Amino acid sequence: MRKRILTLGEVMMRLSTPGHERFIQAGNYDAEVGGSEANVGVSLAYWEQDVALISALPSNDLGRAALRYLKTGGIDTSFIHIGDGRMGLYFLENGAMQRSSKIIYDRFDSVFSHYDGNDLDWEQVFKGVDWFHWSGITPALSASAASLCLRMLKEAKRYGVTVSGDINYRRNLWRYGKQPLDILPELISYSQVIIAGLSDFANCMDIHERDFVTACEKAKAQSPSIQMVSTTERDSVSASHNRLGGILWNGEKLIRSRVYDMPAIVDRIGGGDAFMAGLIYGLLHKTEQEALEFAVAASVLKHSVPGDANFVTVDEVNQLVSGENIGRLLR
Amino acid sequence: MRKRILTLGEVMMRLSTPGHERFIQAGNYDAEVGGSEANVGVSLAYWEQDVALISALPSNDLGRAALRYLKTGGIDTSFIHIGDGRMGLYFLENGAMQRSSKIIYDRFDSVFSHYDGNDLDWEQVFKGVDWFHWSGITPALSASAASLCLRMLKEAKRYGVTVSGDINYRRNLWRYGKQPLDILPELISYSQVIIAGLSDFANCMDIHERDFVTACEKAKAQSPSIQMVSTTERDSVSASHNRLGGILWNGEKLIRSRVYDMPAIVDRIGGGDAFMAGLIYGLLHKTEQEALEFAVAASVLKHSVPGDANFVTVDEVNQLVSGENIGRLLR
Amino acid sequence: MRKRILTLGEVMMRLSTPGHERFIQAGNYDAEVGGSEANVGVSLAYWEQDVALISALPSNDLGRAALRYLKTGGIDTSFIHIGDGRMGLYFLENGAMQRSSKIIYDRFDSVFSHYDGNDLDWEQVFKGVDWFHWSGITPALSASAASLCLRMLKEAKRYGVTVSGDINYRRNLWRYGKQPLDILPELISYSQVIIAGLSDFANCMDIHERDFVTACEKAKAQSPSIQMVSTTERDSVSASHNRLGGILWNGEKLIRSRVYDMPAIVDRIGGGDAFMAGLIYGLLHKTEQEALEFAVAASVLKHSVPGDANFVTVDEVNQLVSGENIGRLLR
Amino acid sequence: MRKRILTLGEVMMRLSTPGHERFIQAGNYDAEVGGSEANVGVSLAYWEQDVALISALPSNDLGRAALRYLKTGGIDTSFIHIGDGRMGLYFLENGAMQRSSKIIYDRFDSVFSHYDGNDLDWEQVFKGVDWFHWSGITPALSASAASLCLRMLKEAKRYGVTVSGDINYRRNLWRYGKQPLDILPELISYSQVIIAGLSDFANCMDIHERDFVTACEKAKAQSPSIQMVSTTERDSVSASHNRLGGILWNGEKLIRSRVYDMPAIVDRIGGGDAFMAGLIYGLLHKTEQEALEFAVAASVLKHSVPGDANFVTVDEVNQLVSGENIGRLLR
Amino acid sequence: MRKRILTLGEVMMRLSTPGHERFIQAGNYDAEVGGSEANVGVSLAYWEQDVALISALPSNDLGRAALRYLKTGGIDTSFIHIGDGRMGLYFLENGAMQRSSKIIYDRFDSVFSHYDGNDLDWEQVFKGVDWFHWSGITPALSASAASLCLRMLKEAKRYGVTVSGDINYRRNLWRYGKQPLDILPELISYSQVIIAGLSDFANCMDIHERDFVTACEKAKAQSPSIQMVSTTERDSVSASHNRLGGILWNGEKLIRSRVYDMPAIVDRIGGGDAFMAGLIYGLLHKTEQEALEFAVAASVLKHSVPGDANFVTVDEVNQLVSGENIGRLLR
Amino acid sequence: MRKRILTLGEVMMRLSTPGHERFIQAGNYDAEVGGSEANVGVSLAYWEQDVALISALPSNDLGRAALRYLKTGGIDTSFIHIGDGRMGLYFLENGAMQRSSKIIYDRFDSVFSHYDGNDLDWEQVFKGVDWFHWSGITPALSASAASLCLRMLKEAKRYGVTVSGDINYRRNLWRYGKQPLDILPELISYSQVIIAGLSDFANCMDIHERDFVTACEKAKAQSPSIQMVSTTERDSVSASHNRLGGILWNGEKLIRSRVYDMPAIVDRIGGGDAFMAGLIYGLLHKTEQEALEFAVAASVLKHSVPGDANFVTVDEVNQLVSGENIGRLLR
């Protein structure tokens, strides 16, 4: 069944070096479109959900190309603001073995970071929406982005929409004078599903615990809206080799997923977003345990697909969960 | 020493997405030439055997390009029919880790599927031939292909030529109204060497056994021409990681090859054809045990070479069998 | 602190097949610049050392392109001779799994092999030099190259410069009538740091031992200038998977480095040169144990970078030594 | 102002050799999506018109990729039928100078050719539609395609929708037993705007005239629905160099456009479709003379853009019409 | 003879779509390094002049790659400031025929735009300098860039260095509150050689004339330092086809160069910079007439070379001036 | 009708920079196979003639790849010698407009240059041969190549085979101590058809004339075997734009072909070889005038095909001669 999911976030141009070339060697760059919340949206739309994105893009051909990509992905782009200014960019160097992958962000001063959403008609925006998703990246970008995020959370509450927030703390953002603890606790207080690990709890909610369940309980005490906390558990053996599982605390108990070995990673960017999309899809259509397994399997498959987006079907994810067809040649 | 091997089969254009891109992402395709029996032929010709192929190609530039490829490989193309119609195609998406590789066949209604071989002079075709090889793909394509295959098997018998048949059952072919059990038992009854696993015995000879030797014995009872049955044993850990060995039943006992670990597969398409070619080469030039080891080692090396064809030399295969130079940098 | 390192060696054009294509398949070649001593120099220059190279290049656009590459790498090219003749080349085919990588050298009769260095002003060349590095490849190329190497070693001694020699015995070179034992012992007798394994000792110093320390002691007895002997220990599981460590004998005892697993090698060419550069850098700036660890870690990282040169920073090597950031995504 | 345009036609995968390579040389193919009516639709959607396409695509990943492309282009794909069968393909070789470009069609037996449109709700399909466009390619493909085309023309009449038909006679299609004269006159009799040249009149309406206006008058006499006839006039100096203008007969007089010189063609495929789209756009938004100039200028710009689709904006077309910015570097 | 030329300017990363693809189509970008003054410097260094550049680059891998490029070009990069901040970028779409080329600048807020040069030791910077070159782009970027430019012009005067200024008015820059007429007249008053056309005189010196010589005379009246004014005369038939000549007023009379037809332009970016470099080289080493011919020929050759930089030798330029070898195949 | 043509010549690896990149910019090279006489052979084989090549290739993978290419082209490679040594190479930079194309040869000391043909059985080689073709490049390479050429000419005479010689004087070859006048007159004296222009007559036959017919008459006087002299007339407007026609003196009168304009050359290498092949084909199958027109048209088409070889069919050449289909899109 089709659900409508709304999300908010910056869409960037992704420029990655080919193969395993380093930045210093690159004579050309693969160009794609990325951004955490857009990646979540593209996954959900690929799974035939109704997805709308609130964002802002420049009124030049780079913005037009990004818009085209989002449309392709089946996303409703009718609320996206087109304005003067620059496109957010990020440059990616794909690591291998002991050499880490590197990202250089070039997103400050983008059209999105100046966007306040005042041109939006909230009734239109939230019409028919079942779920709203935000991430901790948006409030980290600028005061206007943080306040747009808060505004949307308040509207979500008004319209009775379920809210997920991927805390996703990134130290290198947050350059506009505010600290995570100034902003995030209020945003979290409007959310039912939270993606957070121990360091996110520490940095964004001032909860310093070593046990995940205890941290979750404290978070719920701080923000009673929270009904569920989930996160991936990633063991990074090397840039080429990770192991991945997921956990989910449902207010009562901790659920664990199967753990997958990923010894030949193609592209790990967007792995967390694939998990997030899987979890939203799962919670809308499946039991909690199934949702978590679906989310982890979706994320695992993402690591085999180049680019930010997770071009795998619901069937493919379900087959991985049930252990069918793994490694076979499908004719 | 040079032997003459004759084979029959469809030659297709292979269009594969670059790297690990999915079909949905591909902006260009690598174009090569493939087809099970042609792959066997190209291997044997690369090993300096005399190889001729019976096939049919369209009278357009795609057919001409395929012909050129076969000539390059050293195959005698003088019997290949050029006619009106379309080229068989297949599209390939290379998997990675838990994501399987996928093939989309687009070969129905091809020139080959309409070809009946009535223009051939059998005496010319079988002149000097030491070995004839067919596969279960040909009779699956069309009634005319099946009857051409049968005709050639009868001629092979007439000229006293050794015959190998790779049963290679593919459920998605067989669309012209016949079932494998209608056709294959008769074809098998003209063959001395059979490549078949337990599911092939079940689907193509109605022999339902769990033990390979028992199944072989029943097959020989059904088709007394059979002198040898062989197959690869593949353990598919993931799309990137397989283990491969081979077994051969020679009418008396079961021979096993060494098992190889292949944790970083480049291209597994054609792996079975490389085994088949290795087995034919081995049986023509070596002992049975050596032939099996040669076949498995040839197949293992194929998994490191992009494309359908196995561009490795006899020396390279022999070195792998004897454990020389593995992983060294050869200057 | 910046040191000045001088080295001598041939610079070649490197033409490598893309991906894992075999020579027989390649429709295009990646073109880079390589050569053992130049690789050492490029590493050291990338680490902000002052590096000068004595070499010879043809007075055509291929020579000009190589010169441009060396300048880019920050190497002082002012002593490089430009003359009539041909550029040395090498062709590389990247192996995978059980299939070995292959190099075809096409370097005979190059400008470098005819160069005698008689146009050099030695006082200028050695001004401010802290270290001179040579390898066993140069004397293997031609009589004039061998005698230029000897001449430079004598000058190094005159100017009190520390000397390292990477013995690097290659059977396929040495075609001008001399044998390693005719030439190398004298060159080694001017060197303080030697890179050699047991087979190098055997081929180049006539020291046939099974124990590394014993061999080192005999080498020092033969050539009292030797203060240190080091080498990598490489376990080649396959073309894609090696394990690498290093050992160093300092005249008194044997030091061992940590051993690294490298299961997904991108490009192993230049791995030894990266070790050599790391050792020179380490011995100039660190303790012996640190130098060895730095050299091995630099070499490990090289295996993740395409091309001959090791484009990794001192910080990245140090982080690998200290186990930081391995496999993380750096944003 | 936004108008809604409906069109009907087959969508194919386009596989073109890179640069000026011939089929016989190609080791890879650029993959795009094409088809005459889809090209018209993509242009109109790029110009911010509301466009819907009636078509049929296979239920495999190639069909999915084509669908994704159409969505990207902003086309309403909700009426497109997804069914079993094969994707229509065409192979393209780009000519140069005296060497002509070549197309190999591989579209017979496609899903579209078997599609009858019986699953469509015509009221839904024609809701809000201002214009319906068909071409002579559709009725050439199969009896069911021809009858679907006729059905849609009747519905268009019922809903009072303006109709354009690009006669576009192609001898190599029409293989299902019918001749153009059996089918096209009836289809034309439902159309107001016809794209036809003298040979189209001869082949499709049995009107054999040497003068365009006379031919148009006879066509109108035969089919009184016709209000306008237009066509491009192309002077093909070579594959690289064409001259292009357009003419339009409006029932009263003949209008001629400016003629453009195109001496360095990048890709002429889709040039006619770009003209068609320009004419529809022009007739919906401009005067007849302006419409013709817009159509020709749009077609000229298409010849500078690789691929089937005409990715140029209304502003760019208008600037060419008014002679602004030609050949300048726009910063 | 080797002269030392100093220049000042921003170095950008250039990202251009491959072939004639539009931004909306591009799946990858060619990455190079560009910038007007750096292009002038790279040309002069390629012609074996001593060139130093004053600039600022970010302390990340993109900055490092740009630095490497400049070193390769033989430029003295020792004065280049490395600081926190972003790299200036520009995106380029290559036009064809009637479709113009387009540039999207993304250079605001770059490290260079914040750089004030206060860390420079002017005595060091101007040591041995024969010529200083600036362009109108630098003062258009920011107040600090304009004041650094003025500072360097004053130092140039103090050290008796000849100054050239390429006025190069670009409307889309100049966003920091100042107008060209506020800033440029003072900068011009320190310059001996000016590159300006009639619109530059109007925009930057408030001289509104239709005759070039009259404009030059008025400019000299306003700025008595001016000894020479030169400019290219470009006739842009289309994006693919230009004609190019040059004129030079030497205070006394107007000199005209030969005019070249360029009907198949490969890359016109950097054409003006190639002219500028040619003029500086010519004025340092040749007569005025020869200098102008050299400058135009250098610019013409640039249009045949992909990228911003003009990789043609002095010999190649001289041969074009003297009409040798044009269009021959040089073996 | 099929004729058998024998030729002799070196086969080289061709490494060309992509697009219009200069050597100094190239990060990769397109790899093909070339060589004047092999190009003639590949054309003739593509036109379904029986072609055999006498040559020598190295016993390494580069030699194997060249051999594979020749087989693909349908050439009988059974006489090609495989020996130790190096492969001849050439590097190509594609010019544009006023910038000339450049070739760097790297063919000295190749296996071919050392080959004496003493292993050949002349009766076998000349069995069924109708035509023998040699060029002036072979005797320019080495004494052994010159003497092999002479030997083959004597055998050709013995077997009554028609001989063509493309004089093709190249100053930069001829480095082994002999001058063209020492060698070529004797070789010419065995030939019936000569390809030579005025400068070839001067350099290779010491005939210094300004009129082509006079020169031909003197040549015939010197070498009475000569029955025909032909050459292309090329007007090189620029590297991108040539005009091409041909002339043929048949002992009685001068025949001229149509002249073609080629304003957008794709690849001019092999243009002369395409003419040569066309002339041989024409003289074997057509009248003299037709042969000349065929030869010129074949050469014109070659300029539109990338690579050394002329992949155009007899039909395509004939259509150009008769003016059909020029510049049309063939569907």
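We call the chains A, B, C, D, E and F, going by the order they appear; numbering starts again at 1 in every chain.
In the analysis below, a residue touches a chain if its C-beta (ideal position, glycine included) is under 8 Å from a C-beta of that chain, and two chains touch if they have at least 3 such contacts.
Quick caveat, the model's predicted, so the values are computed rather than measured.
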Next on the checklist: Please report the minimal path length, in steps, between subunit C and subunit D on the chain touch graph.
Outcome noted: 2
Checklist outcome for this item: Ordered by label, the neighbours common to subunit A and subunit F are B, C, D, E
Checklist entry - What is the minimum number of touch steps required to go from subunit B to subunit C? => result 1
Item to check | Longest centre-to-centre distance from subunit F, chain (CA-based) | outcome: A
Next on the checklist: Quick check for you: after a Cα superposition of subunit E on subunit F, what is the rotation angle, between 0 and 180°, in steps of 5?
Outcome noted: 120
Item to check | Same or different contact residues where subunit F meets its copy subunit D, judged by the half mark | outcome: different
Item to check | A-D or B-D, whichever has more C-beta pairs in contact | outcome: B-D
Next on the checklist: Can you compute the centre-to-centre distance for subunit A and subunit B, using the mean CA position of each chain? Integer Å is fine.
Outcome noted: 46
Item to check | Approximate Å spacing (C-alpha centroids) for the pair subunit B, subunit F | outcome: 41
Checklist outcome for this item: So subunit F residues touching two or more other chains come to 22, 24, 27, 68, 102, 263-264
Checklist entry - For this entry, which pairs of chains touch? => result A-B, A-C, A-D, A-E, B-C, B-D, B-F, C-E, C-F, D-E, D-F, E-F
Checklist entry - Within the complex, which stretch of subunit C touches subunit B? => result 19-22, 24-25, 95-103, 105, 170, 172, 236-242, 263-264, 268-269
Checklist entry - In their shared complex, at which residues does subunit B touch subunit D? => result 15, 18, 22-24, 26-32, 60-62, 64-65, 68, 86-87, 89, 91, 93, 102, 104, 106, 108-109
Checklist entry - Residues of subunit B touching subunit F in their complex? => result 68-69, 71-74
Checklist entry - subunit B touches which residues of subunit A in the complex? => result 260, 262-266, 300-301, 303-307, 311-312, 316, 320, 325-331
